[in-house]
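Got a structure here, written out as structure tokens. Questions coming.
We just call them A, B and C in the order they show up, numbering each chain from 1.
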Amino acid sequence: MALLSVQNLCAYYRTEIYGISRTVRAVDGVSFDLFQNEVYGVAGESSCGKTTLIKVISGNIKPPLKVNSGNVNYHFGAYDVDILHISQDELRRNVRWKEISYVMQGSMSVLNPVRKIIKTFEDIVDTHERIPDKKKFLEQVREHVNRLGLPTEVLDSYPHQLSGGMRQRVAIALATMFHPSLIIADEPTTALDVVVQRGVLQMIKDIQALSDNTVLLVTHDMAVHANVADRVMIMYAGRIAEEAPTDSIFNTPLHPYTQHLIRSLPKIGERSTKASLRGAPPNLANPPSGCRFHVRCPYVMDVCRTEVPDLVPVRENHRVACHLVKETSL
Amino acid sequence: MFRVLRDLLRYDGRFRFAFILLAAVVVMILLSFVSPYDPNKTFVVAMDAPPSLEHLFGTSSRGQDIFWWLTFAVRNSLIMGVITAAISRVIAIIVGLTAGYQGGWLDKVMMSVNDSFVILPLLPILILLGFLLRDQMNLFLLGVILGLFGWPYDARLIRSQVLSLKERSFTRTAVYSGTNGFWITINEHLPFVLPIVFATTINNLLWSLGMEVTLSVLGLSDLTTPSIGTALFWANQHGALVAGVWWWIAAPALVAIILFLGLYLFFASINEYIDPRTRLRLMGG
Amino acid sequence: MRKFILRYLIPRILQTLTIIFVGITVTFIIPRLSPTDPVEAQISMMMARGETLDPQSIASMRAALTDLYGLSGGPVQQYFAFWGRLLRGDLGPSLANFPTPVSEMIGQAMPYTLSLLITAVIISWIFGNLFGALSSYYPKNRVLSVIEVLGQAVRPIPYYIVALVLLVVFAFFIPIFPFSGAYPIGTKPNWSLEFIWTFLQHAALPAATLVLVGFGGWFIGMKSLTSNIISEDYVVYAETAGLKENKILRNYIMRNALLPQLTGLAMSLGTVFSGALIMEVVFGFPGLGSLTMVAVYRNDYSMIMGIAIYSIIGVAAAVFLIDLIYPLFDPRVRYQ
């Protein structure tokens, strides 16, 4: 059974100020499943809806964000959770950090600058479980961070005394305190140099292999997906464009957008010039009709302008939302 | 500019309130030009008459109609405030721009002196000044003096803005393309600096008017010129409260409150409208 | 530790010294720029009082006064002499209460002003910040919105006018607080409970004014500061991690917001001090403010000068104190 099942999720931002109301359709009809023991990558350019998707999945829905329709259901073994209708209290007590945890974008600054690292650990653990024995707890934390390659002195320091890479690792350590079933990593490698990136990615891979949990990895960097992800989902303008195992995405991309993404990756020894897509990312307050990619698509057909393509499986485990592919596979 | 006002009038209750208050002030100022009484003449009407239809705010122990006297007071106080604002803007811009652009030790020294002025308790110093210049003091001179002391806070704000602008890419582009430094300031940076100057002007106005009231009440300004502060001074001189002529104190206080509240709310609303961060906050929910 | 002293302590000491230096120099320059010659003014005032003096006495009086005012010798000489006397703690005698030294009279008035100031500042700062943060975190709360409106209404009004309003209200309409002086006429100040009680009653109104105006300012500043902090990464992270609301408020939001507010407190001391002086004038409270008022009326030049100098040094010292406290709250300054 799937760990997470998202069906037809529509989540919009509604704002009303000084007489102007605006609806930004950040996530517009997204359906996918997550399974145990895999690394699932979500790729797409800025403002394609990835961050909103994550917010909704983790139950972090605050105005002006509102879920219009759809289901988000978790199956943590025997414990089922409908994240859209769960109470904040239960969310905090049983789900957050114990089943779902979060490694945030810009982990540089997720740590409270005026608190020691160990205090932050205490804060987070204390919220979900009482700490009966302080000394034992300290031991556990020490073990945990050591296992992740961090020296014990880190615990006694303040965030500004640590480097960016170390802070990122601390964030990962915090996220894995309770060995959650799902770890959501939002742009974990952005703003890090490549050497540190490699370290962080290795850490993520190791944790996943060790605990058999699921990692949902969101990043625009295709190279990261190639390195770590088992399956990849490409998002465009609030909708899923394509979803397939990593190999298929890179070797046989079917959606024109994916094809373009893959083609733009430099290969060693290659000397050709890369063409860029014409046009700009769409305005989600006023998205294009039909297939949202049609404005920039090199293979646009008439039907693309009027009808929204469904996300259909064209091969085993491989789904695409494109009229072109539907036609040719028929 | 007008669109800002229109939006605010329509959707911001606080702004509407401020607008009404300020409109009242403007009306008073305009009325001063058609006043039936000369503010410099005393004992022209019955003394100590309570507010009535004939004398809106009553009359004072000096035989003057308080309402019409106050129209002049508001006008003079505001003129003084504008003088202070103008002078301190100029100084603030010069200091802020110079410190921001030059950087290095000049910047450090300037900011050190600047901060000293911010921290120094100005009232005792101004009292000293007022005391010494008593005979020569008039509203204009007071405006100049306040202008010479009212710039440091804003200079620092301007300087921070300049510092952040210096690092921006469009500045580097201009520099690399060979544009002369002065023109960079005028063409590229001023549009960012001016809104700050505008926003700080109101703070400055509030401060200088407040100072005027305080110094006049202590008797340290030209007591024959009507201003909000001198109104209160004369009321105190004649022991208005004790003698039961409470309207002589209440009227200037009321006018002062309307003026200050109006100015403050007016510009607080505008600032909130312009600042994108507060907009984001207002949009949530 | 050495780094801390070098990077933080020494610049702060230098800044404090600069403040004092700039302030004293300004106080020194001002009288010498004014067209009024204090010596002549004093002499003419004495003559106006009806004292007849023969030319010789006038000459020796002039010499004595010139020396007293530190006006003998060229400007540079005067400046150094000025500093010399300051460092010795000599502010000269009060002219209105000759020969009582100015420093003595300031010393008597000081405790009143200080007690007023310290109480008012602490109360308005703590509560203004507390309610401002709460108002930002719970934006829909009705009570907090009302408080915000009141705070916004009082904040731009000059201290004097607020004092006046309070005076009128409590003197005429609800006479529960005495509105003049610090103790009934004829009582000798002492440490008895009775005295302290009347003192508190008398201090209530001036303190209330200071607190009211200050509260509004801190409230609004804290509210906008907190809104910015709420969207900071570490707060969002804490919320995502499910931390309880009051834990987030206390340890994540307030602790971080207090830092700039502490700096703000230091910056505002000069203004609050000025406000306190005015309070005393309105309510007849026997502190530095009333001393100033009387000095102005009686043309007591050395008193006014002395108060100006004293205020500068006092405020600079208070700011330095806050500078010393700040590292206790901000670990980024403690450990470089």
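Criterion: a contact is a pair of C-beta atoms (placed from the backbone, for glycine too) under 8 Å apart; a residue touches a chain by one contact, two chains touch by 3 or more.
If you're wondering where the values come from, they're calculated on a predicted model, not measured in any experiment.
Participant: Could you see whether B-C or A-B has the larger number of C-beta contact pairs?
Facilitator: Of the two interfaces, B-C and A-B, more C-beta pairs touch across B-C.
Participant: What is the chain whose Cα centroid lies farthest from the Cα centroid of subunit C?
Facilitator: Computed centres place A farthest from subunit C.
Participant: Which whole number of Å gives the spacing of the CA centres of subunit A and subunit C?
Facilitator: Each chain's C-alpha centroid was found; their separation is 54 Å.
Participant: Counting in whole Å, what is the centre-to-centre distance of subunit B and subunit C, each centre being its mean C-alpha position?
Facilitator: 22
Participant: Centroid from C-alpha atoms only, then distance subunit A to subunit B, rounded to Å. What do you get?
Facilitator: 52
Participant: Residues touching two or more other chains, restricted to subunit B: which are they?
Facilitator: Only 285 qualify.
Participant: Would you mind listing the residues of subunit A that make contact with two or more other chains?
Facilitator: There are none in subunit A.
Participant: Quick one: which residues in subunit C touch 2 or more of the other chains?
Facilitator: Answer for subunit C, listing residues that touch two or more other chains: there are none.
Participant: Which residues of subunit B touch subunit C once you look at their complex with the stated criterion?
Facilitator: 112-113, 115-125, 127-129, 131-136, 206, 209-211, 213-214, 217-220, 232, 241, 246, 249-250, 253, 256-257, 260-261, 263-265, 268, 277-278, 280-281, 285
Participant: Show which residues of subunit A lie in contact with subunit C when the two form their complex.
Facilitator: 58, 60, 91-93, 96-97, 101-102, 104, 106, 108-115, 123-124, 127-128, 158, 160-161, 174
Participant: Could you please specify the touching residues of subunit B with respect to subunit A in the complex?
Facilitator: Listed in rising order, the residues are 7-8, 10-12, 273, 279, 282-285.
Participant: Where on subunit C is subunit A touching in the complex?
Facilitator: Against subunit A, subunit C makes touches at 232-234, 236-244, 247, 251-252, 255-256, 259, 329-332, 335.
Participant: Once bound in the complex, which stretches of subunit A touch subunit B?
Facilitator: Checking each residue of subunit A against subunit B gives 15-19, 62-64.
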